[in-house]
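As written, the chain order gives the labels A, B and C, with residue 1 at the start of each chain.
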Amino acid sequence: MATLTLSSRASRASRFSRGSGPVQPRFTFAKVAITVGSVLLALLWLVPLLWAIDTSLKPEPETTQTPITWLPGAPTIDAYRNVLDQGSILRWFLNSTIVACLVTTLTLVVSTLAAYGFSRTTFPGRRVLFGILIAGILVPPQVLIVPLFQEMTGLGLVDTYWGIVLPQVVAPVMVFVLKKFFDGVSRDYEDAARVDGATRLRIVWSVMVPMSRPVLGAVAIFTFIGAWNNFLWPFIVTTDPAMMTIPVGLANVQGSYGLRYAQIMASAVLGGLPLLVVFALFQRQVVRGVGDAGIKG
Amino acid sequence: MPHAAPPPPPGRPTRRTLLAGALGLAGATTLTGCGTFSRDARVREWNLFGGGDGARLLQIHDKFVAEHKDIAFEAYTLAWGPPFYTKLAMSAAGGRAPEVATLHLSRLKGFSPTTMLDPIPVDLLAKAGITEQDFIPDTWSRCQVDGQLYAVPLDSHPFVLYYNTEICQQAGLLGPDGRIKTVKGVDAFLDMLRAVKEVTGKFGASVETTNPWRLWWTLYGQLEGKFFDESGTQLIIDDAKAIEALELMAKLAADGLTPKSSDYPSLVAQFTNGDAGLSFNGEWEVTTYQTAKMPFSMAPFPVVYDVPKFAGDAHTFVMPHQADRSTKDTEATVEYIAWMLKNSAEWAAGGHIPAYQPVVASPEYLNLKPQAEYRSVAPDVLFDPDAWFSGSGAQLQNEAGAAFSGVYAGRMTPKAALDQFKAATRKLLDTPSPV
Amino acid sequence: MAVQTPTRTGTTEPQPTRQPPRNGPPWTEKWGGLFFVAPFGVLFAFFLLWPTFSGLWNSFFNTSLAGVQQEFLGLANWREMFGDPAVWDSLQNTLVFTAMSTPPLVIIALVMALLANRKGLLGWFLRFSYFAPFVMPATVVTLIWVWIYQPGFGLVNGLLTAGGSAEIDWLNTENRAMLAVVITTVWWTVGFNFLLYLAALQGIPDQVYEAAAIDGASGRQQLFRITLPLMSRTTGLIVVLQLVASLKIFDQIYLMTDGGPNYATRPIIQYIYENGFTSYRIGYASAISYMFFLVIVIVSIAQFRLFGGRKEAN
């Protein structure tokens, strides 16, 4: 997943209160053309998905007919039934859910604490540690797969949830983003809380967290999507099909479907569906999460 | 929608629900993850059988499970070739490997058996009724490394000829017994393909151009070509013979007797839908074509050149290395292996020639049609060259695939393809062996 | 690892692992901050620093996945790497992919953001369509596209033949396979850049346009004189993110072509994977990883320089 750079400004509602675009004249030929063009582009983008759904509803022999047919002659959900019956797809759903939830939760907790530590406390070596963290942003996880796998074999974490989760929790860029954000939060609230006798841990929980809800939301959303869809690391660290996440399981076990395209497409649809539904329902929050966090350009 | 817990919406109220949910799930998994509740012996089996083979194995496994209520049995099929072997090696390195897995015999030595596999207890195997005498001696000795048994052979699987009986009937290729007439020599071979092409209007035979190794190795073997010297360190490939084989493959594609480009699924599809009346492939797609209810039979691959040699390999069972292997599981694993061998007539229905000789002699196997039609080739199965980078789906085959597929497509001359392949092989030979 | 469990209400005191006194002794003031950094720090040390250095260490040995006795090789792995054409071919494939995929991923994203920046159901529909592929896993995307590219009965070739053109075997033709992967990648990941652009567009205050409209600026003028110039910094950010993301290409290519045909699409990460795991050569794979790591660091630093420079100029 690409990294996000978020600004420290706690700008919120104002940006989206109107959400309108450029002011445009009422009715012009150009405007109609743009609308039509935008819809055509959207349809073009949807065609692969629709084609996958279409194929998944065809009886197997119909999938390889030429010339191709658009609508299934005799729609059937046999392919879905077969996938759910024979495969481990439900197990992989469970694994993906567990992994994505753990990664998201731990990333939020660990990164928030670290960001607070770097932003608000002083301790010897803080600058050096923060420098190391910044350098860590430059290390692409992809180049670590080989030594990391070795390490996991040493720790006995191959084929475990922790083995999948822990390396994904190390996201220095998230700490960096949150630290920058915390730097911009006024110290007044914190001082007031301290006068009231709050511990620093409590300050994090009841001052910093509520203040930075939008940025935490953006971190959570993209961490979750990233963890759910992550392919490379789970692919490396799981060998037991019972431990695989959805993307890895589908990639490894597809061979057993042989030639059955309807079945392959049914498993693809099932694998893509959960986040698609979530996105359809929470589109506004997702789009806003990015905007709320304030993209620094 | 599946019934598994859907991911919580990554919207606003996530924080608390996420925390609670995740911790709850984590708690639940530590409980189930350890799985110490099951009293049964556990056997997890990994295999690389897709398509018809996979379906067949599933049925056999169902029977095994029904007969062994005391064994918790799970089987998984992984994508054939490098994905399977890479995963298997990584699982053995990771210490949580499955109890038993299939492995091509040609890959045994390259798999680093002494570190990545656990030896198979011969005494337990004998107790289960399987001994050395039940196999062809050469096969058995190939399964030994450093005096230990690391693999138990299940079958052997040569490259064969599939033919569509209706199309071949029309092409006049069938004998009075309904079997395809044996052809010998390049000209007869080409005539056969042309006759079929005439009928189908498309291709003579379907081939896998993306993996041309098997056809090339068969043809090169039939020309009595050698690959490595005795010591296994020098490449002694015979250029003239290698190019002769490649030129034949180029000619097949150029004349439209085979496709210029076709992957494995297309190979199957073209034979199934009648675009091709013949198919050059390993014998493992029987089930697929039987399921498709198409009129077909099988025969040994033609002896196109001088001697009968047929590229092939053998499937074996191995026990991947586990950090702490339980005796109970091992006993159950050996029982599984023995049971599979004794019931391999059913497996043979998928096309493979059983390795366990009592089954080969059984009427149950001999009555299988067309699966018993080519059993005569078993002694002439030509294994891949012996090297750590060689074997089914290993790097040497990939290098051949990368170089030779261009020959079919007409992108590359046989000479250039051979040069590329030889350079790649030399590079592999120069690479220090990691096993 | 000490994960704080929040209590139900979220307002009561969470159970801390330690109880720092209100105005505690000097050592908590001095060292207390370390406790906040510690959980992340430990994970960082274990799963980032350690593998970074053990990878460097391994690159001087003939470390094998099979765990056979390892020997010190000195620079042999590094020397082999510099003489190994497959390393440079796969690095070149990675660079070619990056060069081919980045421009459309930026330009199409901008066009989409301009189109979808509107209210109502149509806006919702456009945003959903453009972004939807991004939320799907690589495997799902590639399963669908391999099927679409299928010769014979795939969608693309079906349309080509219906239109009277010759069929193209996209994924098995050397100079088409990379294009096919790029098309799939653009379809899949353009949504993320689209979202970044959309957020930036929505951040332009309406007053700017209102003022322009009062001055009589046409829609086109607004686009070229206001919107696009205001987007330049976002574009800079997106290009930076996209270049680094594209350099790390592995998933789609591994899943669609497995690096073929004839290694024409194999990216460097796949070559690392194949050496380290398929061929057991952990030591050699580590050396290649390090070389690639350096490439990424150089690209990143160059970008930070460029990027930082531009910011100062503004």
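Criterion: a residue touches a chain if its C-beta (ideal position, glycine included) is under 8 Å from a C-beta of that chain, and two chains touch if they have at least 3 such contacts.
In UniProt terms, the chains line up like this: A, C = Multiple sugar transport system permease protein; B = Multiple sugar transport system substrate-binding protein.
Keep in mind that what you see is a predicted model, and the values were worked out from it rather than measured.
Among the remaining chains, the Cα-based centre furthest from that of subunit A is the centre of B. The interface with the greater number of C-beta contacts, when A-B is set against A-C, is A-C.
Centres computed as Cα averages put subunit A at a distance of 38 Å from subunit B.
The distance from the centre of subunit A to the centre of subunit C, with each centre set as the mean of the Cα atoms, comes to 12 Å.
Residue positions of subunit A touching 2 or more other chains: 64, 105, 149, 225, 228, 236, 251, 254, 275, 278, 286.
Touching of two or more other chains is recorded for residues 3, 6, 10, 152, 277 of subunit C.
In subunit B, the residues that touch at least two other chains are 19, 23, 90, 93, 269. Residues 16, 19, 23, 82, 85-86, 89-90, 93, 112, 115-116, 209-210, 261-263, 266, 269, 389, 395, 401-403, 405-406, 409, 411, 427, 431-432, 434-435 of subunit B are the ones that touch subunit C when the two sit in their complex. The part of subunit A that touches subunit B in the complex is made up of residues 64, 84, 86, 88-90, 93-94, 96-98, 100-102, 104-105, 108, 149, 152-153, 156, 158-161, 209, 213, 216-217, 220-221, 224-225, 228, 236, 239-242, 251-259, 270, 273-275, 277-278, 281-282, 285-286.
On the subunit C side of its complex with subunit A, the touching residues are 3-4, 6, 10-11, 13-14, 16, 19-20, 22, 30-37, 39-41, 43-44, 46-52, 54-55, 58, 63, 111-112, 115-119, 122, 124-141, 143-145, 147-148, 152-153, 155, 158, 161-162, 187, 192, 195-196, 198-203, 206, 209-210, 212-213, 219, 222-223, 226-227, 231-237, 241-242, 244-245, 247-248, 250-251, 255, 269, 272-273, 276-277, 282, 285-286, 289-290, 292-293, 296-297, 300-301. Chain contact summary for the complex, subunit A toward subunit C: residues 2-3, 5, 15-16, 18-25, 28, 30-31, 34-35, 37-39, 41-43, 45-49, 51-52, 55, 63-68, 105-106, 109-111, 113-114, 116-118, 120-124, 126, 129, 132-133, 136, 138-140, 142-151, 166-167, 169-170, 172, 175, 197, 199-202, 204-206, 225, 228-229, 231-232, 236, 246-248, 250-251, 254, 261, 264-265, 267-269, 271-272, 275-276, 278-280, 283, 286-287, 290-291, 294-297.
For subunit B in complex with subunit A, the residues that touch the partner chain are 1-12, 14-15, 18-19, 21-23, 25-26, 29, 33, 44, 48-52, 54-55, 58, 74, 76-80, 83, 87-88, 90-91, 93-98, 265, 268-269, 273, 288, 323.
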